[in-house]
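Look at the two complexes coming up: chain A is in both, with chain B in one and chain C in the other.
== the complex of A and B ==
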């Protein structure tokens, strides 16, 4: 498991460093609101999101000479009320367990078994710790919240994908594996996998552009050092969708 | 202080409290301002801060911001109760030079003495820009509100199938479905269960500390098991659910118990079967606690006689954790004022000075700088003085407490401390009257609704939400008979809640 996780993180790092599609290059280190916006950033329907492409066409790289000559699309309309809330530890746990069909205990643990949402990262995620720490009201979203979200979601996605790969009746990830550990993303199950993540997590179907963006990510992972690029693509796709602003906030 | 006192001192003290002749109760500047401008956004969630006019409220050297300066000029030495006229005189001025008149700023809820604070007009995009959006921003969107209320009150978003089914409904059916969902969610473990949302609302009021807990899951140190605050948390939640009266946080004389998501109430402590006696258990009994068959003090919840019980104010936990060994338990009273009426005296909120405070416990509260707050706080506290903390009458109502518990330690005047005090400038004979005045006050209704507003909206009402908020807490008091559940049904119908 540790080797596979390391392999995946290397792959993700490569993607994040520019090897992947435009949406996938979003860094998740500058606040919870920007954690992996690969999916919502290409959505034409998410109010307030920082859309980088709002057509149903796959993103194109027309900057061979390093200069982007395309016209920047106008930013989407934004709400004047900014009536948006971070889910926090309990709602995140509830929604992740529902989307990924995992028990709360399976979702994410640290330091040998302590729950990410109920213990280790609870306060960082905006929870309280009244009895032992005297934290009676949420301290807000701190600098470590994005890291906690990343660790929580990454573990949860890895758990789901690994369980599905070993199962004859997978919940989400039923994409056939090819040689070299790659996934057959041409199989309808790949699109169904993405659609399942969107409908369960974001309560809508993905746009064509969103689907293509996530499918294209497989090629980047396949040429990375990943030992199991098909599995890591599944984890990265799950991670990308479930760390969108659209999923984390409401 | 004579009427001819220079305005500069007079109004500073009036904002902060301090000016009062011994015989007079003088409302504070913020209170007078809200009497003059009751619909101002700054008055919707409480009283405005002194910083509305002041840069400093130090009685020795008060200073004003530009708006305060203009008001002082308009008052021109008149008594502070002429504030309404002075406000009218400066309404068309732009004291801070930010391009908005003082009247416009007060209506918008911004600070007329601070150029960095100015009204911002919410800008909604053209309808044409909204066609492709998932939600209809700038107006009530039922799908958005449905997902949101599922998360707010049930702690989870709806399933895709439920969301699709909801989306297919007509407007009237959607509204019914939302209210049905709310009713379901308000029964959920997430909302009303142990450590659920309602318990979380109570944490800052009760301030539980595990190392001092008795009862279930007690402190590992037996000698530190002073009280069981589960009673307090449960009682609070009980008053906020179903058809229960929220005023009972201050008025209840009963006990509440939680089993799963089911709350029950009874006039006397519950015998908790979960607190069975362990073999070879040897521990002392304690008055005011329920004892198990070994004589151990478990379920130490509320020791006061029924006719002196006042909801969350007189529990064993509050007595021992907040009052402790204090003769005049200002900490207990200030916490009650903050938790249930929304006024934090440490921030100079809710000041209703009642004369220069007498220094019964020799703490120097009658000094000018201290009297600024203590003129309100001490009168607020006297009704709490007959409820013992630690002491011979531990956590009990003890009418002779001041004579018998503190004479030697606090000086000879301590025995003269009255039980009668004052709340909002209104005399009260004892804690029962205190609680009745508090429960009937606008401050209580406003503070109760504000906690749910902040819970669901993420902060206090914005200037453009002020009217909605005011309607909500007025209706909570006048039409919902202080039932939180009914108020929440109105809350989810507001545009403030349902407009993305």
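== the complex of A and C ==
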């Protein structure tokens, strides 16, 4: 499945933001200073709620030190060692339970009720099985690991979104529903939802382009075969953010 | 039954290559003794004084035939864990002797993990490359998961050859029943968004989010990230598009999952009697399905050191399916353990061979998968040969001297014994790798077995320095 309705708009937006989300990343990240607590800030005024697309202006520079704010922040230096690691089942479980405020037991279970992270996909995700199989050190990450990650995260996101939709005090997803099961992505809570996912999951605010990309995804889901496009947009947004390499590797 | 399907078709489009060959390694965990099976010695072959302190069998418990060089031990392990296990190696030999090759060898370690790993690396014969890795490199191109392991401990470990590409390394399956769930991102998840929605989200992630982050730019040189993105972009669609759940999911019966292929359902149920409770039978079933469906060329299975029970056993079923420590329970009760565990190995091999024999090789019309497969019964080491005088309930230690069983439809010199056993010591001796002539007083190194298996599988060994072992090949 490929992007349809929104793909052109996303492309335009990426150009407007200086070639990609990274151009706005530093601005958003440093904007966290004003929120105090990046892990809990879901207010409509969080960074990202006022967009460059809204104002036709380039992203603001974060430094606020009188320098020329019209220039694109320099790209980050490339790490010569690039020593990143896949989180593996336990870190993923820990992080997802923290980000989504779920108990480990309800995070993800497969057919039959077995835990995704502690049982069914543990070895596929690089875990060990010393007592059963003599796997004392993590096996290499194989071709099925990305699918196992997708199943884990998809189920975890479904749990959070469905709980929030039924709750008077939602943790992340408080976006009003409209007719046809769609979500009111024009409501500030939609941006707050995205910002909450980023601040909780990636410990930074989304860039303007990232926010807009995810908001525009609603249009694609609304014209798909989804029967609950608003709910599914919430799940898909959560899934997309929490399966980025930025979340899965450290 | 015809093997085949989408993955085979995709592979065949490349064309111009000989039919793939397959290696199934059955790890006889804990030390499967060849003199408790195909090279058994009888008490009539030695003096009473020698026989009383050697692991030799009453003549009445050993079967032999003029049709082949193998012996079989038909003895009953009575009151073993409170149950009776009837060993009937003769029946297996009668059915498969034309496809059997038994070759002696003497290992180099009595440590379980090392012994197991050396059984698949020939004690580092080719830079530490495992048999499975070598077979995957040669035959595994175009297979999504060429090298799959379900074995335990040393049978599961990667080799030490850094030049082996990542795709040829072993892919671990911990639970053959539920592993197929990791072949599709959506099946079996109740109330999940539709596949269209999942693909929209994946597309946004892969094309619009991930490529542009500062994280991605910072770690642009990461091979791990590169591999992850390659798997996500190439392997995931390939696995999901192949509809593998319905081809491999023999163990989970749930309405949220696509139904398992009914022909394979019937074949597996007819072949295996304890598919729902016996992990080794599950592994054997998965080995067959992986090969038949064009996913793998090297598959490894083994029991573990854990006891396996069948809580629902009735009638002639046994409550104890696997001893604690598998073959290594021989420390406590050698004879009964070897009887029960060899029975377990052969009762797993027999239906597996039947399935492979009954499936046509998609790349070799008129020939079966078994014709193009080598089954290698690897083990850690042998057992010590002596016993307290006259004892029948003795225990044994780890011993280097041993031998192995190999099976193939058409790739080995079937019905052949390479080497032999000296009745006066119960130690096995070697053979001439070229002619197969027995050579009493010699011992075979692990590298000979290693090389012979690769040779039978037509693996290019140029530059390896491995010895030629034409004696293992069919006449």
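We adopt the following convention: the second predicted complex is superposed on the first by the 173 of 250 C-alpha atoms of A that agree within 3 Å, B and C clash if a C-alpha of one lies under 4 Å from a C-alpha of the other, contacts with A are read in each partner's own complex, and residues count from 1 in each chain.
To be clear about the criterion, contacts are C-beta pairs under 8 Å (C-beta built on N, C-alpha and C of every residue); 3 or more make two chains touch, one makes a residue touch a chain.
On a predicted model such as this, the values are computed, not experimentally measured, just so you know.
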Touching partner for A:94 - first (chain B), second (chain C), both, neither: first
Superposition-derived comparison: chain B or chain C, residues of chain A touched: C
Contacts of A:199 with chain B and chain C, given as first, second, both or neither: first
First (chain B), second (chain C), both or neither touched by A:142: second
Which of chain B and chain C A:79 touches, first, second, both or neither: both
Partner chain(s) touched by A:155 [first = chain B, second = chain C, both, neither]: second
Contacts of A:134 with chain B and chain C, given as first, second, both or neither: both
Interface residues of chain A shared between complexes with chain B and chain C: 76-81, 83, 85, 131-132, 134
Complex interface listing, chain A residues touching chain C: 1-3, 10, 14, 20-22, 25-26, 75-86, 110-112, 114, 119-124, 129, 131-135, 139-148, 150-151, 154-155, 158, 162, 209-210, 213-214, 217, 220-221, 224-226, 232, 235-237, 239-241, 243-246, 248-249
Partner chain B, residues of chain A touching it in the complex: 43-47, 54, 76-81, 83, 85, 87, 90-91, 94-95, 98, 128, 130-132, 134, 136-137, 199-200, 203-204, 250
Residues of chain B that touch chain A when the two form their complex: 122-125, 129-130, 132-135, 137-138, 147-148, 151, 155-160, 163, 190, 200, 203-204, 207-211, 213, 457-458, 462, 496, 499-500
Contact footprint of chain A on chain C as seen in their complex: 113, 144-145, 152-154, 156, 158, 166, 169-175, 178-179, 181-186, 188-189, 191-205, 207-225, 227-229, 231-232, 235-236, 239-240, 252, 254, 256-257, 304-306
